[in-house]
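Each of the two complexes below includes chain A, the first together with chain B, the second together with chain C.
On to the complex of A and B.
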């Protein structure tokens, strides 16, 4: 039994361990100073934590990795674009952008939840395609409707042809306003205190949410939909709520992410965000059906250390800067692939184990 | 049979046709017909448009055909198509590296791609047998991982042909490689028919027809029937003495090989080899094309392939010209994204038996 536990533990932490190894090899080779690394990781922690935390709720409800968190990201971007046009700066601008993004995210989350309820058992591939589909609609809105239908005044964010939004929208007026709200520097490392407070607050909300009636229902649905239904839980509604919450959090997370970056890449900011967030969460030791807040933070540290050092290390080793770039993209995809394979094989093993157990019990009963 | 029941059955057949054909497909077909009608009025040359559609059909047909075996064996839609495409790219680049030119390079590329497709396909099929039920998501990510792995490989593999590597460094393949002097239009030029503005790449279409016929014939052999049985009910197939895993493996290898050949045919039409991130999203157009043609997640026929490719490519080629001529506004890219992904979404949300 004990041995079993150790091998179980090894399997669960194999991905984080592998990453510790990669980072341990690449970090010295890259020649980056420890203080630079620490600074970068703290910045990226503030930038990404909120987004990654938004993935936890659908996992709790048994809906797997929410590839459609990009929907929330798009809603956040729309909010920011509008606020930019209205020239509301600083923290009030951010808050207004959040207020605008929430109903859009909620609506998109509702749509996503409804569609996913029609595709039970293949939520992940469906949510993945939804993100592409909505990306098409997003482009339709931002590229063609902003201008003639949704009024946009300022030419600095409009395309020269008179409608549609430029490829990059500068957020100079909001850049790192939240991060620098409470300035603090320890040993040369700049710490975005206010951002961390917001993230900490979301962690508290998630911990509290798990204990509420709705949170309990969600976990029951995640465990077994049929049992939950028999216990009188409205499975469909619970699943939709989990998607709505996740999308809304993702929208707010995207606004925090972009205020740190300082500009919006209108047509590409959101497209990769889902993949990198999911990869980071999985690197932290989460699986498709189990993830905790600890996984989020461990994942950010490991994944982003790899992300920073890999291109430099690649350049040093092979003399070609592109190798490292491609390497980190490959690793992101490979991590997700491995996690998905492990999840499916485990599911099958559990199923056959349960089958064997049932057969044994029946044999015993027959005797 | 009396006349009345015949009439009833005709009416029922029309209703049944609409039901099986599906509303989204009707809309798409209607849209394409509308585009074809509008085209001459807004100043687009119809014969050019039609030969565009036929050309693009000949480029993409085989990539769409590659979906069929895996759908039949119950592995779902092959989102892992990029894996097969990579085998094709390896064959193509090696054929050029070894100094083959002209039409011979196409033949050699297909020959060299085959062992890669068989090996990759076998590993991929073995993997998909381990994770029955979650094929589509994992297939997607197997495709992504292999494309990003190959991005590194294109830089590192020892290619030297001056037509393919970066001029300055002398190593590492370029992102696009021209096929001029190699196999550009290798198939299309065979028996090509030109009437005014209308040109038909007979060779490429014949090549597709041969493969499609071979696929049709295969599905009627013993192994082919077994494949359909595995797809419609694995438990029943197993109790009938069919080795389910082996059949599924065969279907995956077939699909991967067809993808490899498919990308070569695509390149001979297009005239360029595209490397690095280019194969990344190539699965999605093929998937949505077969779905537009009337296939579902677990049922697909050769007719679906032909109809779907014509409809999908028709919309892709017609929308930009018609839209541009009509309102000077090119929304084709957005329309393409919404239509193709909307179609996949529609298919995924249909209740289907057998895939659980």
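On to the complex of A and C.
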């Protein structure tokens, strides 16, 4: 029985274990000092945690991995670009950017939720494609409408042709303002206390949310839509709410993420963020239908350790720094693919496990 | 003046696109009264209940004629929620439960006890937090009301089927306003013991003033618990009489509308030579079928016989054919005519000319959205390349529509399948006719060994006799060995040569069909 349990655990945590191995091998090879590594991981924890936490609610509502969190990220970027132009700096700038992003995210989430309600059972692929579609609209807004329609004053963020936003928008005025709001350094590791407080608060909200009626409804809808509907739960509305919440949190998360980075890559920041966040969550041991706050933090630690050490290790081994960069992207997609396959095989294996148990019992009885 | 009855249905009429399915139904119910509603499939029982429960399908197909009065007040339910608000509860045949939730959570689904919180004042009351303690209390109370004990903290997906059924009943009972409970074949999935408990629970509800409409094919249960039996046939109420003044035979006659032969006694079967060689040998079989687990089964089937497999629900009799045919995970050894048959591989079984008529005819048995022609010819086409025209030396295969139509018409005729044409979709047929299509499908394969699982479940008396006769005829004329699984012992005794009784996942014993009922009964309870 005990043996069974251990192999069972191994299987469930095979992805995290694989990453522990990768990190354990690459870390010494890379030659990075432990304090540097710790510093980096803590920074990235503050940078990414909020974004990844935003993925939890749709998983609870049975809508799988929310690839369309990119929508929220775009809304966050629009907020930041506007605030940048209005030259509102520091924390107030961030808060204003969040206030601008929330209605945009909510609208996009509403749209996305409505579309996903039409594509029940195919949420993940649909949300993935929606993110491409909305990316087109985002480009239209940022590249053509910002300037002529949405007034942009400052040439520093405008393209030289007079309209549209530059490839990179500097956020120097609010760079790491939140992270450094409450300065604290322990053993040479800089800790972004204020960011952690915000993240912690979101964790509390999620824990509390699970206990609410709405959270219960979402779990019910996630497990069996028809039964939930028969019980009088408004399935469609519940699913839309979960998308709206996720998108809004993703928008806020993106602003926290970008204040740490210190600049916006206007046309690419958001496009990879969804992929990396989902990969990190999966590396933390989450699956398509089950994810916890613990998975989020474990995922960040493992995924980003790999992120930091793998390029270095690659450089050390091959002398080519590109190999590590290639490795990052490759691994992100690989992790998502593996997680999706494992989700299916685990489902099947759970079914056959009971059978094996039976065979064992019978053998024991025959002896 | 007496109080108005709890429920009064006056001259209820319903037609589906000109096809009259209910005509002038009158039904009255007093508080606490238990009414048994019986009738063949297609007699209109379900439609009547759907009307009463305000089901969407009724409104979408043009509503109904006549009046429904509750406590003397005319009502017109727009949706099931209106019906629930008026105090009507319904336990469906299919479970309506969330698999990963506990019994408590399911009983109080969407009616959870809540605590207000600051945010719920700000936003909506969906942000109230759940009051787990109170939920537990309320669920416990509902379970107590029901009188059957179930573990309220157990998740539904780890519960036995019977307990799931009870969870649903408890859910209805937890509704304060419940005055009338409709139970649609609730005992179909219960073991005998559980069914007993349910009947007891119905008596308890009746004492508390809850009226019950009890739909079942098991007439003995009706007689045991109901005050009144209402028999329906072809959309009419043909009889309404107090349960105390009638008996199973009478009700059966009302249901079928003709007096049926007393008993096709098992002695009437011609004795067959039973000294034949074993054609199928099963050794140490285990099958993991949820609710029908099979453990360590050894079974020999003789060539040309009809072997019955009987036993109580949930003891594993269904697991045996499902396991051998590879639909559920299984292990052990199966040898057919000297050849070893690999398990967990349906295709191999079919290639060895086995055929299987599943008990799950809508899920496994039929392509619901396809025509009868397709349903009947599909397996034979797929497995044996029948009904195909070969071109270019077999590189291109076209369906032979003429041959398909011919074989379909043959079986429609032989099995008296009621349909408009061989092009009709399988889902449009009634349960009994769907079952006949399943049989036709298996017959078309011309198997050497046929597994038939619950061939008469949920079909009416007339269709039942036809199905059993068809099986006997198939066995006799085509010399096909048949293994038939059924929960109705009487039916097995009429049809089979030998009957194996499964109890606790094992074969408790094999007896000739002519043996006394008591001996079978003993075996059924042997390992329970």
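To be clear about the criterion, the second predicted complex is superposed on the first by the 337 of 367 C-alpha atoms of A that agree within 3 Å, B and C clash if a C-alpha of one lies under 4 Å from a C-alpha of the other, contacts with A are read in each partner's own complex, and residues count from 1 in each chain.
Note that contacts are C-beta pairs under 8 Å (C-beta built on N, C-alpha and C of every residue); 3 or more make two chains touch, one makes a residue touch a chain.
Since we're looking at a predicted model, the values are computed, not measured.
**Student:** Is A:208 touching anything from chain B or chain C once the two structures are fitted on A? First, second, both or neither.
**Tutor:** second
**Student:** Of the partners chain B and chain C, which touch A:219 in the superposed model: first, second, both, neither?
**Tutor:** second
**Student:** Could you tell me if A:341 is touching chain B, chain C, both of them or neither one (first, second, both, neither)?
**Tutor:** Only chain B; A:341 stays clear of chain C.
**Student:** For A:359, using the defined touch cut-off, is the partner it touches chain B, chain C, both, or neither? Pick first, second, both or neither.
**Tutor:** Second partner only.
**Student:** Does chain C touch more residues of chain A than chain B does, or is it the other way round?
**Tutor:** B
**Student:** Have a look at where A:228 lands relative to chain B and chain C in the superposition and call it first, second, both or neither.
**Tutor:** second
**Student:** Just which bits of chain A does chain B share with chain C as contact spots?
**Tutor:** none
**Student:** In their complex, what parts of chain B are in touch with chain A?
**Tutor:** For chain B paired with chain A, touching residues are 79, 127, 130-134, 136-138, 140-142, 144-145, 148-149, 151-152, 155-156, 172, 284, 329, 331, 333-334, 337-338, 341-342, 344-345, 348-349, 351, 356.
**Student:** Once bound in the complex, which stretches of chain C touch chain A?
**Tutor:** So the residues of chain C in touch with chain A come to 80-81, 96-101, 105, 109-112, 114, 117, 120, 125-130, 284, 286-288, 293, 295-296, 328-331.
**Student:** Taking the touch rule as given, give the residues of chain A at its contact with chain B in the complex, in rising order.
**Tutor:** Going through chain A, the ones touching chain B are 115, 118-119, 121-122, 124-126, 128-130, 132-133, 135-137, 139-140, 143-144, 318, 320, 322-323, 326-327, 329-330, 333-334, 336-337, 340-341, 343-345, 347-348.
**Student:** Contact residues on chain A for chain C in the complex?
**Tutor:** Residues 208, 211-214, 216-217, 219-220, 223-224, 226-228, 230-233, 351-352, 354-355, 358-359, 361-362, 365-366 of chain A touch chain C in their complex.
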